[in-house]
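Labels A, B, C and D are assigned to the chains in the order they are written; within every chain, residues are numbered from 1.
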Amino acid sequence: MSLLRSHRTLVTHCPRNLLRPRYLNKMSSFRDYSSLETPASCYVDFCLVPVGTGNVSVANEVAEVQRVLKASGLKYTMHSAGTTVEGSWDEVMKVIGQAHAVVHQGGVKRVQTSMRVGTRTDKKQTAEDKVKRVEGILSQDQQKKEESS
Amino acid sequence: MSLLRSHRTLVTHCPRNLLRPRYLNKMSSFRDYSSLETPASCYVDFCLVPVGTGNVSVANEVAEVQRVLKASGLKYTMHSAGTTVEGSWDEVMKVIGQAHAVVHQGGVKRVQTSMRVGTRTDKKQTAEDKVKRVEGILSQDQQKKEESS
Amino acid sequence: MSLLRSHRTLVTHCPRNLLRPRYLNKMSSFRDYSSLETPASCYVDFCLVPVGTGNVSVANEVAEVQRVLKASGLKYTMHSAGTTVEGSWDEVMKVIGQAHAVVHQGGVKRVQTSMRVGTRTDKKQTAEDKVKRVEGILSQDQQKKEESS
Amino acid sequence: MSLLRSHRTLVTHCPRNLLRPRYLNKMSSFRDYSSLETPASCYVDFCLVPVGTGNVSVANEVAEVQRVLKASGLKYTMHSAGTTVEGSWDEVMKVIGQAHAVVHQGGVKRVQTSMRVGTRTDKKQTAEDKVKRVEGILSQDQQKKEESS
(Lines give C-alpha, C1' and ligand atoms only; values in the text may rest on other atoms or scores of the structure.)
Protein backbone atom coordinates (compact mmCIF):
# COMPACT_ATOMS: atom_id res chain seq x y z
CA MET A 1 0.00 0.00 0.00
CA SER A 2 2.82 2.34 0.83
CA LEU A 3 4.42 1.43 -2.49
CA LEU A 4 1.29 2.25 -4.37
CA ARG A 5 1.03 5.53 -2.62
CA SER A 6 4.59 6.51 -3.31
CA HIS A 7 4.08 5.59 -6.96
CA ARG A 8 1.06 7.80 -7.19
CA THR A 9 3.04 10.60 -5.57
CA LEU A 10 5.80 10.11 -8.10
CA VAL A 11 3.39 10.35 -10.99
CA THR A 12 1.71 13.38 -9.53
CA HIS A 13 4.97 15.16 -9.00
CA CYS A 14 6.54 14.17 -12.26
CA PRO A 15 5.77 16.92 -14.74
CA ARG A 16 2.96 15.58 -16.91
CA ASN A 17 4.74 16.88 -20.00
CA LEU A 18 7.59 14.42 -19.66
CA LEU A 19 5.26 11.47 -19.85
CA ARG A 20 3.46 12.43 -23.05
CA PRO A 21 4.56 13.46 -26.51
CA ARG A 22 4.86 17.23 -26.80
CA TYR A 23 2.17 17.48 -29.44
CA LEU A 24 -0.38 15.81 -27.20
CA ASN A 25 0.52 18.10 -24.33
CA LYS A 26 -0.37 21.06 -26.40
CA MET A 27 -3.51 19.51 -27.81
CA SER A 28 -5.35 18.21 -24.81
CA SER A 29 -8.52 18.52 -22.87
CA PHE A 30 -6.70 19.53 -19.69
CA ARG A 31 -5.98 23.07 -20.81
CA ASP A 32 -7.37 26.43 -19.94
CA TYR A 33 -8.58 27.68 -23.30
CA SER A 34 -10.15 30.92 -22.11
CA SER A 35 -6.78 32.69 -21.88
CA LEU A 36 -5.85 31.92 -25.51
CA GLU A 37 -5.11 35.04 -27.53
CA THR A 38 -6.46 35.54 -31.03
CA PRO A 39 -3.86 35.79 -33.83
CA ALA A 40 -1.82 39.00 -34.06
CA SER A 41 -2.25 39.10 -37.81
CA CYS A 42 -4.58 37.59 -40.38
CA TYR A 43 -5.96 38.23 -43.82
CA VAL A 44 -9.66 37.91 -44.49
CA ASP A 45 -11.42 37.90 -47.82
CA PHE A 46 -15.12 38.52 -47.43
CA CYS A 47 -18.22 38.95 -49.54
CA LEU A 48 -21.22 40.53 -47.84
CA VAL A 49 -24.72 39.96 -49.23
CA PRO A 50 -27.78 41.91 -48.05
CA VAL A 51 -30.82 39.59 -47.95
CA GLY A 52 -34.47 40.53 -48.47
CA THR A 53 -33.91 44.04 -49.80
CA GLY A 54 -36.07 43.73 -52.90
CA ASN A 55 -33.14 45.13 -54.83
CA VAL A 56 -31.04 42.86 -57.04
CA SER A 57 -28.10 45.25 -56.96
CA VAL A 58 -25.85 45.16 -53.91
CA ALA A 59 -23.56 47.97 -55.07
CA ASN A 60 -24.85 50.56 -52.56
CA GLU A 61 -24.23 48.21 -49.66
CA VAL A 62 -20.81 47.20 -50.96
CA ALA A 63 -19.89 50.89 -51.30
CA GLU A 64 -21.00 51.53 -47.73
CA VAL A 65 -18.85 48.61 -46.55
CA GLN A 66 -15.85 50.13 -48.35
CA ARG A 67 -16.42 53.37 -46.41
CA VAL A 68 -16.37 51.45 -43.13
CA LEU A 69 -13.14 49.76 -44.18
CA LYS A 70 -11.58 53.09 -45.18
CA ALA A 71 -12.48 54.58 -41.82
CA SER A 72 -10.82 51.64 -40.02
CA GLY A 73 -7.37 52.51 -41.29
CA LEU A 74 -6.72 48.84 -42.15
CA LYS A 75 -5.20 47.77 -45.46
CA TYR A 76 -7.87 46.45 -47.84
CA THR A 77 -8.47 45.75 -51.52
CA MET A 78 -11.79 45.31 -53.26
CA HIS A 79 -12.10 42.87 -56.15
CA SER A 80 -15.12 41.69 -58.12
CA ALA A 81 -16.03 38.88 -55.73
CA GLY A 82 -15.18 40.38 -52.36
CA THR A 83 -12.76 42.47 -50.36
CA THR A 84 -9.51 41.40 -48.72
CA VAL A 85 -8.55 43.02 -45.40
CA GLU A 86 -5.33 42.61 -43.43
CA GLY A 87 -4.71 43.33 -39.75
CA SER A 88 -4.90 41.72 -36.34
CA TRP A 89 -7.69 39.16 -35.89
CA ASP A 90 -9.59 41.42 -33.52
CA GLU A 91 -9.32 44.52 -35.70
CA VAL A 92 -10.36 42.74 -38.90
CA MET A 93 -13.29 40.92 -37.29
CA LYS A 94 -14.43 44.15 -35.63
CA VAL A 95 -14.53 46.06 -38.90
CA ILE A 96 -16.48 43.29 -40.67
CA GLY A 97 -18.93 43.27 -37.77
CA GLN A 98 -19.26 47.04 -38.19
CA ALA A 99 -19.90 46.46 -41.89
CA HIS A 100 -22.84 44.21 -40.95
CA ALA A 101 -24.04 46.87 -38.51
CA VAL A 102 -23.89 49.69 -41.04
CA VAL A 103 -25.84 47.70 -43.63
CA HIS A 104 -28.48 46.85 -41.01
CA GLN A 105 -28.70 50.56 -40.12
CA GLY A 106 -29.39 51.23 -43.79
CA GLY A 107 -32.59 49.22 -43.38
CA VAL A 108 -31.45 45.73 -44.41
CA LYS A 109 -32.87 43.16 -42.01
CA ARG A 110 -30.63 40.24 -42.88
CA VAL A 111 -26.98 40.13 -43.89
CA GLN A 112 -25.04 37.05 -44.96
CA THR A 113 -21.26 37.09 -45.37
CA SER A 114 -18.90 34.49 -46.74
CA MET A 115 -15.32 34.75 -45.42
CA ARG A 116 -11.98 33.10 -46.05
CA VAL A 117 -9.64 33.65 -43.14
CA GLY A 118 -5.95 32.81 -43.14
CA THR A 119 -3.34 32.97 -40.39
CA ARG A 120 0.26 31.80 -40.40
CA THR A 121 3.05 31.75 -37.88
CA ASP A 122 6.04 31.04 -40.13
CA LYS A 123 6.26 34.44 -41.77
CA LYS A 124 4.38 37.61 -42.46
CA GLN A 125 3.06 37.54 -46.01
CA THR A 126 1.01 40.34 -47.47
CA ALA A 127 -1.79 39.90 -50.00
CA GLU A 128 0.56 41.44 -52.53
CA ASP A 129 3.36 38.95 -51.79
CA LYS A 130 1.02 36.03 -52.40
CA VAL A 131 0.05 37.17 -55.88
CA LYS A 132 3.67 38.01 -56.79
CA ARG A 133 4.84 34.57 -55.69
CA VAL A 134 2.43 32.80 -58.05
CA GLU A 135 3.08 35.25 -60.89
CA GLY A 136 6.78 34.57 -60.46
CA ILE A 137 6.24 30.84 -60.94
CA LEU A 138 4.02 31.41 -63.96
CA SER A 139 6.45 33.82 -65.61
CA GLN A 140 8.99 30.97 -65.65
CA ASP A 141 6.59 29.01 -67.89
CA GLN A 142 7.08 31.57 -70.62
CA GLN A 143 10.85 31.47 -70.22
CA LYS A 144 10.88 27.66 -70.41
CA LYS A 145 8.74 27.75 -73.52
CA GLU A 146 11.14 30.15 -75.18
CA GLU A 147 14.14 28.08 -74.13
CA SER A 148 12.60 24.86 -75.40
CA SER A 149 11.54 26.29 -78.75
CA MET B 1 -34.42 83.30 -64.53
CA SER B 2 -34.34 84.98 -61.16
CA LEU B 3 -36.84 82.37 -59.99
CA LEU B 4 -34.65 79.57 -61.12
CA ARG B 5 -31.70 81.09 -59.37
CA SER B 6 -33.51 81.56 -56.08
CA HIS B 7 -34.72 78.00 -56.30
CA ARG B 8 -31.20 76.77 -56.73
CA THR B 9 -30.14 78.83 -53.73
CA LEU B 10 -32.90 77.30 -51.74
CA VAL B 11 -31.81 73.83 -52.65
CA THR B 12 -28.24 74.51 -51.72
CA HIS B 13 -29.16 75.94 -48.34
CA CYS B 14 -31.80 73.39 -47.53
CA PRO B 15 -30.26 70.67 -45.36
CA ARG B 16 -29.19 67.91 -47.70
CA ASN B 17 -30.95 65.31 -45.60
CA LEU B 18 -34.40 66.69 -46.27
CA LEU B 19 -33.99 66.33 -49.99
CA ARG B 20 -32.78 62.75 -50.06
CA PRO B 21 -34.49 59.49 -49.24
CA ARG B 22 -33.85 58.39 -45.69
CA TYR B 23 -31.97 55.31 -46.85
CA LEU B 24 -29.35 57.40 -48.61
CA ASN B 25 -28.90 59.62 -45.59
CA LYS B 26 -27.94 56.65 -43.53
CA MET B 27 -25.61 55.34 -46.18
CA SER B 28 -23.25 58.20 -46.69
CA SER B 29 -19.65 59.16 -46.52
CA PHE B 30 -20.24 61.87 -43.91
CA ARG B 31 -20.59 59.50 -40.97
CA ASP B 32 -18.39 58.53 -38.08
CA TYR B 33 -17.99 54.79 -38.58
CA SER B 34 -15.55 54.11 -35.75
CA SER B 35 -18.28 54.17 -33.11
CA LEU B 36 -20.39 51.49 -34.85
CA GLU B 37 -21.08 48.51 -32.65
CA THR B 38 -20.76 44.94 -33.93
CA PRO B 39 -24.00 42.87 -33.98
CA ALA B 40 -25.36 41.64 -30.64
CA SER B 41 -26.05 38.22 -32.09
CA CYS B 42 -24.94 36.18 -35.08
CA TYR B 43 -24.54 32.63 -36.22
CA VAL B 44 -21.34 31.49 -37.86
CA ASP B 45 -20.70 28.22 -39.64
CA PHE B 46 -17.00 27.61 -40.05
CA CYS B 47 -14.64 24.96 -41.40
CA LEU B 48 -11.03 25.19 -40.27
CA VAL B 49 -8.28 23.56 -42.34
CA PRO B 50 -4.70 23.15 -41.09
CA VAL B 51 -2.27 23.68 -43.99
CA GLY B 52 1.16 22.13 -44.46
CA THR B 53 0.92 19.52 -41.70
CA GLY B 54 1.96 16.51 -43.77
CA ASN B 55 -1.11 14.76 -42.39
CA VAL B 56 -4.15 14.24 -44.60
CA SER B 57 -6.42 13.81 -41.58
CA VAL B 58 -7.62 16.93 -39.85
CA ALA B 59 -9.60 15.13 -37.14
CA ASN B 60 -7.15 15.96 -34.30
CA GLU B 61 -7.30 19.65 -35.09
CA VAL B 62 -11.08 19.61 -35.44
CA ALA B 63 -11.35 17.86 -32.06
CA GLU B 64 -9.12 20.49 -30.49
CA VAL B 65 -11.32 23.23 -31.96
CA GLN B 66 -14.37 21.54 -30.42
CA ARG B 67 -12.65 21.71 -27.02
CA VAL B 68 -12.07 25.44 -27.45
CA LEU B 69 -15.74 25.88 -28.36
CA LYS B 70 -16.86 23.84 -25.35
CA ALA B 71 -14.73 25.97 -23.03
CA SER B 72 -16.31 29.15 -24.45
CA GLY B 73 -19.76 28.30 -23.15
CA LEU B 74 -21.31 29.28 -26.50
CA LYS B 75 -23.92 27.14 -28.23
CA TYR B 76 -22.38 25.14 -31.07
CA THR B 77 -23.06 22.09 -33.26
CA MET B 78 -20.56 20.13 -35.29
CA HIS B 79 -21.59 18.60 -38.62
CA SER B 80 -19.60 16.82 -41.29
CA ALA B 81 -18.56 19.99 -43.12
CA GLY B 82 -18.06 22.45 -40.29
CA THR B 83 -19.34 23.72 -36.98
CA THR B 84 -22.08 26.26 -36.34
CA VAL B 85 -21.68 28.65 -33.38
CA GLU B 86 -24.18 31.16 -32.04
CA GLY B 87 -23.53 34.19 -29.83
CA SER B 88 -22.64 37.85 -30.02
CA TRP B 89 -20.38 38.85 -32.93
CA ASP B 90 -17.45 39.57 -30.64
CA GLU B 91 -17.78 36.34 -28.65
CA VAL B 92 -18.09 34.13 -31.72
CA MET B 93 -15.22 35.78 -33.59
CA LYS B 94 -13.03 35.60 -30.48
CA VAL B 95 -13.56 31.86 -30.06
CA ILE B 96 -12.79 31.17 -33.74
CA GLY B 97 -9.63 33.26 -33.39
CA GLN B 98 -8.74 31.16 -30.34
CA ALA B 99 -9.37 28.05 -32.44
CA HIS B 100 -6.76 29.30 -34.93
CA ALA B 101 -4.41 30.05 -32.04
CA VAL B 102 -4.76 26.62 -30.47
CA VAL B 103 -4.10 24.85 -33.77
CA HIS B 104 -1.00 27.02 -34.31
CA GLN B 105 0.17 26.12 -30.79
CA GLY B 106 -0.17 22.48 -31.80
CA GLY B 107 2.57 23.09 -34.35
CA VAL B 108 0.53 23.95 -37.45
CA LYS B 109 2.10 26.93 -39.23
CA ARG B 110 -0.80 27.88 -41.46
CA VAL B 111 -4.54 27.73 -40.85
CA GLN B 112 -7.25 28.52 -43.37
CA THR B 113 -10.91 28.86 -42.37
CA SER B 114 -14.02 29.25 -44.46
CA MET B 115 -16.91 30.98 -42.67
CA ARG B 116 -20.54 31.81 -43.34
CA VAL B 117 -21.76 34.55 -41.08
CA GLY B 118 -25.37 35.61 -40.72
CA THR B 119 -26.96 38.45 -38.76
CA ARG B 120 -30.55 39.65 -38.74
CA THR B 121 -32.43 42.41 -36.99
CA ASP B 122 -36.04 41.32 -37.57
CA LYS B 123 -36.08 38.42 -35.13
CA LYS B 124 -33.92 36.05 -33.17
CA GLN B 125 -33.76 32.72 -34.98
CA THR B 126 -31.75 29.81 -33.67
CA ALA B 127 -29.99 27.25 -35.83
CA GLU B 128 -32.66 24.78 -34.75
CA ASP B 129 -35.52 27.08 -35.82
CA LYS B 130 -34.06 27.39 -39.30
CA VAL B 131 -33.98 23.66 -39.92
CA LYS B 132 -37.48 23.17 -38.45
CA ARG B 133 -38.91 25.87 -40.69
CA VAL B 134 -37.70 24.13 -43.85
CA GLU B 135 -38.68 20.69 -42.59
CA GLY B 136 -42.17 22.07 -41.92
CA ILE B 137 -42.49 23.20 -45.54
CA LEU B 138 -41.22 19.87 -46.85
CA SER B 139 -43.56 17.84 -44.65
CA GLN B 140 -46.47 19.55 -46.43
CA ASP B 141 -45.26 17.99 -49.69
CA GLN B 142 -46.07 14.56 -48.35
CA GLN B 143 -49.50 15.71 -47.22
CA LYS B 144 -50.27 17.22 -50.62
CA LYS B 145 -49.19 14.02 -52.33
CA GLU B 146 -51.50 11.98 -50.14
CA GLU B 147 -54.36 14.41 -50.67
CA SER B 148 -53.93 14.38 -54.44
CA SER B 149 -53.76 10.60 -54.73
CA MET C 1 -71.75 10.54 -55.98
CA SER C 2 -72.09 11.65 -59.53
CA LEU C 3 -71.51 15.19 -58.36
CA LEU C 4 -68.33 14.24 -56.58
CA ARG C 5 -67.10 12.40 -59.60
CA SER C 6 -67.80 15.26 -61.95
CA HIS C 7 -66.02 17.60 -59.55
CA ARG C 8 -62.99 15.40 -59.53
CA THR C 9 -63.07 15.23 -63.30
CA LEU C 10 -63.28 18.97 -63.43
CA VAL C 11 -60.31 19.39 -61.20
CA THR C 12 -58.32 16.86 -63.13
CA HIS C 13 -59.05 18.49 -66.44
CA CYS C 14 -58.69 22.03 -65.25
CA PRO C 15 -55.09 23.07 -65.71
CA ARG C 16 -53.50 22.79 -62.28
CA ASN C 17 -51.88 26.17 -62.73
CA LEU C 18 -55.19 28.02 -62.65
CA LEU C 19 -55.99 26.73 -59.21
CA ARG C 20 -52.79 27.73 -57.43
CA PRO C 21 -50.80 30.93 -57.11
CA ARG C 22 -48.19 31.14 -59.83
CA TYR C 23 -45.26 31.14 -57.41
CA LEU C 24 -46.36 27.86 -55.88
CA ASN C 25 -46.75 26.27 -59.28
CA LYS C 26 -43.16 27.00 -60.00
CA MET C 27 -41.94 25.95 -56.56
CA SER C 28 -43.63 22.64 -55.88
CA SER C 29 -43.00 19.03 -55.19
CA PHE C 30 -44.97 17.91 -58.22
CA ARG C 31 -42.30 18.83 -60.72
CA ASP C 32 -39.81 16.90 -62.75
CA TYR C 33 -36.52 18.35 -61.56
CA SER C 34 -34.22 16.09 -63.54
CA SER C 35 -34.72 18.04 -66.75
CA LEU C 36 -33.68 21.37 -65.20
CA GLU C 37 -30.78 23.00 -66.99
CA THR C 38 -27.85 24.53 -65.14
CA PRO C 39 -27.36 28.31 -65.58
CA ALA C 40 -26.01 29.53 -68.90
CA SER C 41 -23.67 31.94 -67.15
CA CYS C 42 -22.19 32.34 -63.71
CA TYR C 43 -19.20 33.79 -61.96
CA VAL C 44 -17.30 31.77 -59.40
CA ASP C 45 -14.63 32.97 -57.03
CA PHE C 46 -12.66 30.07 -55.59
CA CYS C 47 -9.74 29.42 -53.29
CA LEU C 48 -8.17 25.96 -53.49
CA VAL C 49 -6.14 24.64 -50.56
CA PRO C 50 -4.00 21.47 -50.78
CA VAL C 51 -4.19 19.57 -47.47
CA GLY C 52 -1.56 17.33 -45.93
CA THR C 53 1.34 18.30 -48.18
CA GLY C 54 3.85 19.07 -45.46
CA ASN C 55 4.50 22.34 -47.27
CA VAL C 56 3.18 25.60 -45.87
CA SER C 57 3.39 27.31 -49.24
CA VAL C 58 0.59 26.67 -51.70
CA ALA C 59 2.05 28.79 -54.51
CA ASN C 60 3.04 25.83 -56.71
CA GLU C 61 -0.46 24.41 -56.59
CA VAL C 62 -2.05 27.80 -57.20
CA ALA C 63 0.22 28.30 -60.23
CA GLU C 64 -0.79 24.89 -61.57
CA VAL C 65 -4.46 25.82 -61.17
CA GLN C 66 -3.83 29.02 -63.14
CA ARG C 67 -2.41 26.89 -65.98
CA VAL C 68 -5.56 24.75 -66.01
CA LEU C 69 -7.67 27.91 -66.14
CA LYS C 70 -5.58 29.34 -68.97
CA ALA C 71 -5.99 26.15 -70.97
CA SER C 72 -9.77 26.31 -70.52
CA GLY C 73 -10.11 29.51 -72.51
CA LEU C 74 -12.46 30.95 -69.88
CA LYS C 75 -12.08 34.49 -68.55
CA TYR C 76 -10.42 34.50 -65.13
CA THR C 77 -8.59 36.83 -62.74
CA MET C 78 -6.36 35.84 -59.86
CA HIS C 79 -6.29 37.96 -56.71
CA SER C 80 -4.59 37.44 -53.37
CA ALA C 81 -7.41 35.37 -51.86
CA GLY C 82 -8.65 33.38 -54.81
CA THR C 83 -9.44 33.39 -58.50
CA THR C 84 -12.63 34.55 -60.21
CA VAL C 85 -13.81 32.64 -63.31
CA GLU C 86 -16.68 33.48 -65.63
CA GLY C 87 -18.53 31.19 -68.04
CA SER C 88 -21.42 28.77 -68.21
CA TRP C 89 -22.12 26.81 -65.02
CA ASP C 90 -20.95 23.54 -66.58
CA GLU C 91 -17.76 24.99 -68.04
CA VAL C 92 -16.73 26.76 -64.85
CA MET C 93 -17.47 23.77 -62.61
CA LYS C 94 -15.63 21.45 -64.97
CA VAL C 95 -12.46 23.54 -64.93
CA ILE C 96 -12.47 23.78 -61.12
CA GLY C 97 -12.92 20.00 -60.98
CA GLN C 98 -9.94 19.69 -63.32
CA ALA C 99 -8.01 21.98 -60.99
CA HIS C 100 -8.68 19.52 -58.14
CA ALA C 101 -7.63 16.65 -60.42
CA VAL C 102 -4.36 18.28 -61.47
CA VAL C 103 -3.38 19.03 -57.88
CA HIS C 104 -4.16 15.41 -56.91
CA GLN C 105 -2.00 14.24 -59.83
CA GLY C 106 0.79 16.36 -58.38
CA GLY C 107 0.74 14.06 -55.35
CA VAL C 108 -1.64 15.94 -53.03
CA LYS C 109 -4.07 13.51 -51.40
CA ARG C 110 -6.65 15.98 -50.18
CA VAL C 111 -7.88 19.23 -51.68
CA GLN C 112 -10.33 21.65 -50.09
CA THR C 113 -11.86 24.53 -52.03
CA SER C 114 -14.01 27.41 -50.90
CA MET C 115 -16.25 28.89 -53.61
CA ARG C 116 -18.63 31.80 -54.01
CA VAL C 117 -20.97 31.26 -56.93
CA GLY C 118 -23.28 33.89 -58.35
CA THR C 119 -25.93 33.68 -61.06
CA ARG C 120 -28.43 36.28 -62.19
CA THR C 121 -31.17 36.40 -64.77
CA ASP C 122 -31.83 40.14 -64.94
CA LYS C 123 -28.71 41.12 -66.83
CA LYS C 124 -25.26 39.99 -67.77
CA GLN C 125 -22.73 41.64 -65.49
CA THR C 126 -19.03 40.99 -65.76
CA ALA C 127 -16.61 40.94 -62.87
CA GLU C 128 -15.27 44.21 -64.20
CA ASP C 129 -18.70 45.86 -64.25
CA LYS C 130 -19.26 45.01 -60.60
CA VAL C 131 -16.12 46.71 -59.42
CA LYS C 132 -16.75 49.77 -61.63
CA ARG C 133 -20.27 50.14 -60.29
CA VAL C 134 -19.04 50.36 -56.68
CA GLU C 135 -16.11 52.59 -57.60
CA GLY C 136 -18.56 54.90 -59.33
CA ILE C 137 -20.60 55.26 -56.15
CA LEU C 138 -17.49 55.86 -54.06
CA SER C 139 -16.10 58.47 -56.44
CA GLN C 140 -19.21 60.53 -55.77
CA ASP C 141 -18.18 60.70 -52.10
CA GLN C 142 -15.16 62.72 -53.07
CA GLN C 143 -17.25 65.05 -55.22
CA LYS C 144 -19.76 65.59 -52.41
CA LYS C 145 -16.94 66.36 -50.01
CA GLU C 146 -15.55 68.95 -52.36
CA GLU C 147 -18.97 70.46 -52.92
CA SER C 148 -19.71 70.67 -49.22
CA SER C 149 -16.36 72.24 -48.30
CA MET D 1 35.87 27.30 -70.39
CA SER D 2 35.31 24.57 -72.94
CA LEU D 3 34.33 22.27 -70.10
CA LEU D 4 31.77 24.69 -68.87
CA ARG D 5 30.30 24.99 -72.31
CA SER D 6 30.04 21.25 -72.86
CA HIS D 7 28.39 20.93 -69.47
CA ARG D 8 25.82 23.49 -70.44
CA THR D 9 25.15 21.66 -73.70
CA LEU D 10 24.70 18.45 -71.78
CA VAL D 11 22.14 20.00 -69.49
CA THR D 12 20.18 21.46 -72.35
CA HIS D 13 20.06 18.20 -74.24
CA CYS D 14 19.42 16.02 -71.26
CA PRO D 15 15.66 15.43 -70.99
CA ARG D 16 14.43 18.07 -68.61
CA ASN D 17 12.47 15.50 -66.64
CA LEU D 18 15.56 13.67 -65.45
CA LEU D 19 16.93 16.78 -63.83
CA ARG D 20 13.85 17.78 -61.90
CA PRO D 21 11.98 16.18 -59.02
CA ARG D 22 9.03 14.10 -60.19
CA TYR D 23 6.60 16.43 -58.46
CA LEU D 24 7.69 19.35 -60.60
CA ASN D 25 7.46 17.26 -63.77
CA LYS D 26 3.83 16.63 -63.10
CA MET D 27 3.17 20.26 -62.36
CA SER D 28 4.28 21.93 -65.53
CA SER D 29 3.14 24.14 -68.31
CA PHE D 30 3.85 21.58 -71.01
CA ARG D 31 0.76 19.47 -70.37
CA ASP D 32 -2.54 19.00 -72.09
CA TYR D 33 -5.02 20.02 -69.41
CA SER D 34 -8.19 19.72 -71.48
CA SER D 35 -8.33 15.94 -71.12
CA LEU D 36 -8.20 16.04 -67.32
CA GLU D 37 -11.14 14.29 -65.70
CA THR D 38 -13.04 15.81 -62.78
CA PRO D 39 -12.90 13.85 -59.48
CA ALA D 40 -14.95 10.63 -59.25
CA SER D 41 -16.16 11.57 -55.79
CA CYS D 42 -16.44 14.69 -53.71
CA TYR D 43 -18.44 16.17 -50.86
CA VAL D 44 -19.82 19.66 -51.12
CA ASP D 45 -21.39 21.72 -48.40
CA PHE D 46 -23.34 24.63 -49.81
CA CYS D 47 -25.52 27.50 -48.64
CA LEU D 48 -27.70 29.14 -51.28
CA VAL D 49 -28.97 32.67 -50.74
CA PRO D 50 -31.65 34.29 -52.95
CA VAL D 51 -30.84 37.99 -53.46
CA GLY D 52 -33.28 40.84 -54.04
CA THR D 53 -36.47 38.96 -53.18
CA GLY D 54 -37.87 41.49 -50.72
CA ASN D 55 -38.40 38.58 -48.35
CA VAL D 56 -36.10 38.13 -45.36
CA SER D 57 -36.97 34.45 -45.06
CA VAL D 58 -35.20 32.04 -47.39
CA ALA D 59 -37.02 28.93 -46.15
CA ASN D 60 -39.17 28.49 -49.28
CA GLU D 61 -36.13 28.56 -51.53
CA VAL D 62 -34.18 26.22 -49.26
CA ALA D 63 -37.13 23.79 -49.28
CA GLU D 64 -37.23 23.92 -53.07
CA VAL D 65 -33.50 23.16 -53.20
CA GLN D 66 -34.07 20.13 -50.96
CA ARG D 67 -36.63 18.85 -53.47
CA VAL D 68 -34.11 19.17 -56.28
CA LEU D 69 -31.58 17.26 -54.19
CA LYS D 70 -34.10 14.55 -53.37
CA ALA D 71 -34.94 14.11 -57.05
CA SER D 72 -31.22 13.73 -57.87
CA GLY D 73 -30.89 10.51 -55.91
CA LEU D 74 -27.63 11.74 -54.36
CA LYS D 75 -26.90 11.43 -50.63
CA TYR D 76 -27.43 14.74 -48.84
CA THR D 77 -28.01 16.16 -45.36
CA MET D 78 -29.42 19.55 -44.47
CA HIS D 79 -28.13 21.39 -41.40
CA SER D 80 -28.84 24.86 -40.09
CA ALA D 81 -26.15 26.56 -42.17
CA GLY D 82 -26.26 24.62 -45.40
CA THR D 83 -26.60 21.22 -47.02
CA THR D 84 -23.90 18.61 -47.61
CA VAL D 85 -24.08 16.51 -50.79
CA GLU D 86 -21.93 13.56 -51.78
CA GLY D 87 -21.36 12.10 -55.25
CA SER D 88 -19.16 12.47 -58.30
CA TRP D 89 -17.94 16.00 -59.04
CA ASP D 90 -20.11 16.28 -62.15
CA GLU D 91 -23.27 14.96 -60.47
CA VAL D 92 -22.93 17.20 -57.40
CA MET D 93 -22.14 20.33 -59.40
CA LYS D 94 -25.01 19.62 -61.79
CA VAL D 95 -27.56 19.35 -58.99
CA ILE D 96 -26.36 22.59 -57.35
CA GLY D 97 -26.62 24.29 -60.75
CA GLN D 98 -30.17 22.93 -61.02
CA ALA D 99 -30.84 24.34 -57.56
CA HIS D 100 -29.84 27.79 -58.84
CA ALA D 101 -32.05 27.25 -61.90
CA VAL D 102 -35.11 26.24 -59.89
CA VAL D 103 -34.81 29.25 -57.60
CA HIS D 104 -34.49 31.54 -60.63
CA GLN D 105 -37.60 29.92 -62.12
CA GLY D 106 -39.40 30.79 -58.90
CA GLY D 107 -38.85 34.44 -59.77
CA VAL D 108 -35.57 35.19 -57.96
CA LYS D 109 -33.29 37.23 -60.19
CA ARG D 110 -30.03 36.72 -58.33
CA VAL D 111 -28.71 33.73 -56.43
CA GLN D 112 -25.48 33.61 -54.43
CA THR D 113 -24.09 30.34 -53.09
CA SER D 114 -21.18 29.67 -50.78
CA MET D 115 -19.61 26.21 -51.18
CA ARG D 116 -16.96 24.13 -49.48
CA VAL D 117 -15.75 21.36 -51.74
CA GLY D 118 -13.50 18.51 -50.67
CA THR D 119 -11.88 15.72 -52.65
CA ARG D 120 -9.38 13.10 -51.53
CA THR D 121 -7.56 10.26 -53.21
CA ASP D 122 -6.28 8.33 -50.20
CA LYS D 123 -9.59 6.86 -49.11
CA LYS D 124 -13.32 7.18 -49.44
CA GLN D 125 -14.69 8.92 -46.37
CA THR D 126 -18.36 9.68 -45.94
CA ALA D 127 -19.77 12.71 -44.17
CA GLU D 128 -20.79 10.35 -41.38
CA ASP D 129 -17.28 8.92 -40.98
CA LYS D 130 -15.83 12.41 -40.54
CA VAL D 131 -18.09 13.28 -37.65
CA LYS D 132 -17.58 9.88 -35.98
CA ARG D 133 -13.81 10.24 -36.22
CA VAL D 134 -13.85 13.53 -34.28
CA GLU D 135 -16.44 12.30 -31.79
CA GLY D 136 -14.21 9.29 -31.14
CA ILE D 137 -11.28 11.54 -30.24
CA LEU D 138 -13.45 13.71 -28.01
CA SER D 139 -14.97 10.74 -26.18
CA GLN D 140 -11.44 9.84 -25.04
CA ASP D 141 -11.29 13.20 -23.22
CA GLN D 142 -14.04 12.04 -20.91
CA GLN D 143 -12.26 8.74 -20.29
CA LYS D 144 -8.98 10.51 -19.48
CA LYS D 145 -10.77 12.82 -17.08
CA GLU D 146 -12.30 9.89 -15.26
CA GLU D 147 -8.98 8.04 -15.14
CA SER D 148 -7.16 11.06 -13.77
CA SER D 149 -9.70 11.81 -11.06
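We adopt the following convention: a residue touches a chain if its C-beta (ideal position, glycine included) is under 8 Å from a C-beta of that chain, and two chains touch if they have at least 3 such contacts.
The structure displayed is predicted, hence computed values, not measured ones.
The best fit of Cα atoms from chain A onto chain D calls for a rotation angle of 175°, in steps of 5.
More C-beta pairs touch across one of B-D and B-C than the other; that pair is B-D. Rounded to whole angstrom, the centroid-to-centroid distance between chain B and chain C, based on C-alpha atoms, equals 20 Å.
Centroid to centroid, with C-alpha atoms defining each point, chain A and chain B lie 14 Å apart.
One simple way to say how far apart two chains are is to compare their mean CA positions; for chain B and chain D this gives 22 Å. Among all residues of chain D, those that touch two or more other chains are 29, 47, 56-57, 60, 63, 67, 109-110, 112, 114, 116, 118, 120, 122, 141. Interface residues of chain C facing chain B in the complex, by the touch rule stated above, are 29-30, 47, 49-58, 109-110, 112, 114, 138, 141, 144-145, 148.
In the complex of the two chains, the chain B residues touching chain D come out as 43, 45, 47, 56-57, 59-60, 62-63, 66-67, 77-82, 84, 114, 116, 118, 120, 122, 126-128, 130-131, 133-134, 137-138, 141.
Against chain A, the residues of chain B that register as touching in their complex are 23, 26-27, 29, 31-34, 36-39, 42, 60-61, 63-64, 67-68, 71-72, 89-90, 93-94, 96-98, 100-102, 104-107, 109-122.
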